[in-house]
Amino acid sequence: MGGITGNAVALRVSVGILVLLAFVPLLHSSYDENLVRGVLMFATLSFGWNLIGGYTGYVSFGNVVFFGIGCYTTAALWQHWHQQNVVLSVVLAMLVAVVFALVLGIPILRLRGHYFAIGTLGIALATQEIIANVDWLGAGAGFPVRPLDAYLVYFYAMWVVCAASMLATFFIARSKLGYAFVAIRENEEAAAVLGVDATRYKVIAWAISAAMAAAAGAVFAGANGFIDPPTAFATDDNVFPVVMALLGGVGTVAGPLIGALILTAINETLWSHFPQIHTLFFGAVIVLVVLFLPRGLLWLLNTRGGWKGFVRTLGAYRV
Amino acid sequence: MQLFAQDLVNGILVGGIFAVVALGFSLVWGIMNIINLAHGAFVMLGAYTAYVLFSTWHIDPFVSVPVGFVLLFALGYGIQRWVINWVVRAPLLTPFLLTFGLSLLIINVVLVIFHGDTRGIETAYSGSNFSLGPVTVAWTKLWTLVVALAITAVMHVWLSTSRTGRAIRAMAMDIDAAQLSGVRVSHLYAIVFGLGAGLAGAAGVLISLSYSLQPSMGDPFVITAFVCCVLGGLGTVQGALVGGLVYGVLGSFGAQYIGTGLQDAVALVVLLIVLIVRPRGILGKATA
Amino acid sequence: MSEFLSIQNVSMYFGGLHALEDVSLEVERGSVLGLIGPNGSGKTTLMNVISGVYKPNSGGVVFAGKRIADVPTYAVCRLGIARTFQVVKPFANLTVRENVAVGAMYGREGGRRSTRASFERAQELCEIVGLSHVAGRLASELTVPSRKRLEVAKALALDPEVLLLDEVMAGLNATEVDEAVHLLRTVNERGVTLIVVEHLMKAIASISTTIVVLAEGKKIAQGAPADVLASPEVVEAYLGSRYAARQRQRETPP
């Protein structure tokens, strides 16, 4: 079954890569550790986005708000209660994020298409602004967050969070829940006629994606050592996961991880060769990805007709 | 009472600029169903155009308004015709990310050329005000409003009466029928996008008179334009105008009573209220 | 008075247009009700009211003791009412089997079915409607007649007691129509009550136990097929008053 989980070979390869990544600390290079921890973080964010944007078809442009919530949970736990326990902050972050998603989800998921996308963007921007005005959360200046001495914990925590997200996506995709999501994406009205309570399942999808993003944020905050509004709600953390899912394949299980790997590789290459204008090149990369891979690499592998078929798909959306 | 009146006037003055920005955004959204995330970048380019013309040849920004319009129109036309057109009818995510990528490109090119320093335009009349009863009005801002309203009026007339304008409106109603009746859709789409960019550029020039310049200055305008369109009603010139003015006033009062650091929060609340209470906006037509 | 499915004084207005005016009808369990009438007579509107897509402006539909209008759209199938749509839009990026499986997962018996059981049921239904040879293909690749069968399969996956079929035979050739009639008879024999909207008189006459005729939003006839189709009011509704007058002239001796 290629469809709802994606290309089976790619899935096995991705699991293999994920397992291999767990051994990176053996290289004893903190640069590599940080790099791979970044990949795992972005992959997690992308898995989260993929559930609401890829599987359910509700393109969120504000999932970074949940990442930010995760960051601030860890930061608050340290600042106010001197807690550094990673498991505690991850669990608490997920809880807060899910509540946030449930409360806001009901009004915001009534919007569709462009309205939903910009609405979620608005939520992310507004939350960032509001936190910048709340002293208890450090306001504009932010908080330092003291990392654990056993810094390696953060690497493995991020790995666990990423692996759990991928596993969750896999099981959800094959389950009744996954089919509810996809039915909503394909035709929300027809899905209702078939008994799918769209409101309920949209909110569930968004809540799960919130939990994933928050878990990533909770680990990141400890590793980063410092949290302020621009760090917690960075545009990169909002957009990269979407581009990664697009690159790897929206609505597949392995897509987010593959996209995270490739895009990080490209980003690192650009950083090391063109430090001044790497963001400029990154913009170009985004443009190219969108133009040539409208649904991502994994869907490309399934396109019929080889090269000619591929070229034909390029012209499908023009006037 | 004096504060209230001052806020109201300030709101209207800035609302005129919002209206022009919103109009450009509304055209592209209403006719091509594309949310152009690079719209803010076009505004910024307009501002920098005025800056370059002013600092190099001392050309007054008000004179630069048509220049900014034409330059950005050409840029927008080209971008649509040869880049965006490839995915113009693709599902939401694709044009969204594409325009985002273009926005990154544009902002970073400007960053490379001009660096991140804040720049500004100081004309001979920059600081001068006059008093209208209890209210102080800056001359620059007043003339900006006049020009903004003029631009809106001209666009309205052009869209209603010119051949191209009417072809555009036909295309908006039914693109396949328009194509079958010989309308060159790809050219018209490019014109629409060019107009959107041109209007953004003109607004940017006007903004440069009263506000300082930075490569990232355009970012807030995408959300602003979106909210104005939703507020006023998508697809008409009057909608953009009303949306711009009302949002300008709301923002002005918001800044006064809630604080200047919460613009986005105010925008979001306004957006959500409108979408829940009256989704078609103040002047919008009800859809089936 | 049937306790099964009861349409009581239903009226539906759209602006100034009276789509349905005071329509009442009782549906017997296990029957096949043919719903006919000229274009614009309100047949699809009535289907929409019965299936809960529209809430009537006055009157209501009661099924198994519940008022349909009080139930949200996604819960209607759990009551036991399923329908097909005139404009068929399957889940394009899912396979035929997956399309049907969604109904099996979320329909009346869905709560008790596992994913695997839902797919087994979907495979069964594909065989019943004659789509087993394309069960693994994407729904977007199907021909129009196959898409119609898919619609029926999806509706059946909901384990309905009542199945509403809206012009499911439109666009089919003669052979395909015969196959469709056969399929509907099979479904009815398994105990499903059918309400069928069709324009093909022969097909409707051959499967219906009762026929109801709508014209301009009102019910103008109800009864056994032979009686209804010969009735002068029905002829007049379809063919116009001038034809009906000429017909009467021909039939009455001078």
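In this document, chain identifiers A, B and C correspond to the written order of the chains, with residue numbering beginning at 1 in each.
One rule holds for everything that comes next: a residue touches a chain if its C-beta (ideal position, glycine included) is under 8 Å from a C-beta of that chain, and two chains touch if they have at least 3 such contacts.
Because the structure is predicted, anything quoted here is derived from the model rather than measured.
A.B. asks: Taking each chain's centre as the average of its Cα atoms, which is closest to the average over all protein Cα atoms shown?
C.D. replies: If we average C-alpha coordinates per chain, A lands closest to the whole-structure average.
A.B. asks: Going by average Cα coordinates, which chain is farthest removed from subunit C?
C.D. replies: Relative to subunit C, the chain whose C-alpha centre sits farthest away is B.
A.B. asks: Determine which two chains are connected by the greatest number of contacting C-beta pairs.
C.D. replies: A-B
A.B. asks: Distance-wise, how many Å sit between the C-alpha centres of subunit B and subunit C, to the nearest whole number?
C.D. replies: From the centre of subunit B to the centre of subunit C is 51 Å.
A.B. asks: Taking each chain's centre as its mean C-alpha position, how far apart are subunit A and subunit C in Å?
C.D. replies: That pair's centroid distance is 44 Å.
A.B. asks: If you average the CA atoms of subunit A and of subunit B, how far apart do the two points sit, in angstrom?
C.D. replies: 31
A.B. asks: Enumerate the residues of subunit C that touch no fewer than two other chains.
C.D. replies: As it turns out, subunit C has no residue touching two or more other chains.
A.B. asks: Among all residues of subunit A, which ones touch two or more of the remaining chains?
C.D. replies: none
A.B. asks: Where on subunit B is subunit A touching in the complex?
C.D. replies: Of all residues in subunit B, those touching subunit A are 29, 35, 83, 85-90, 92-94, 96-98, 100-106, 108-109, 111-112, 175, 179, 185-186, 189, 223, 226, 230, 259, 261-265, 267-269, 271-272, 275-276.
A.B. asks: Within the complex, which stretch of subunit A touches subunit C?
C.D. replies: 3-4, 174-176, 179-180, 182-183, 186-187, 190-198
A.B. asks: Which of the residues in subunit C end up touching subunit A in this complex?
C.D. replies: Counting only subunit C, the residues touching subunit A are 51, 53, 72-78, 82-83, 85, 89-95, 98, 101-103, 105-108, 110, 115, 118, 154, 157-158.
A.B. asks: Considering only the defined contacts, which subunit A positions touch subunit B in the complex?
C.D. replies: 53, 59, 61, 107-108, 110-111, 113-115, 117-119, 121-123, 125-126, 128-130, 132-133, 140, 239, 242-243, 246, 250, 276-277, 279-280, 282-287, 289-291, 294, 314-319
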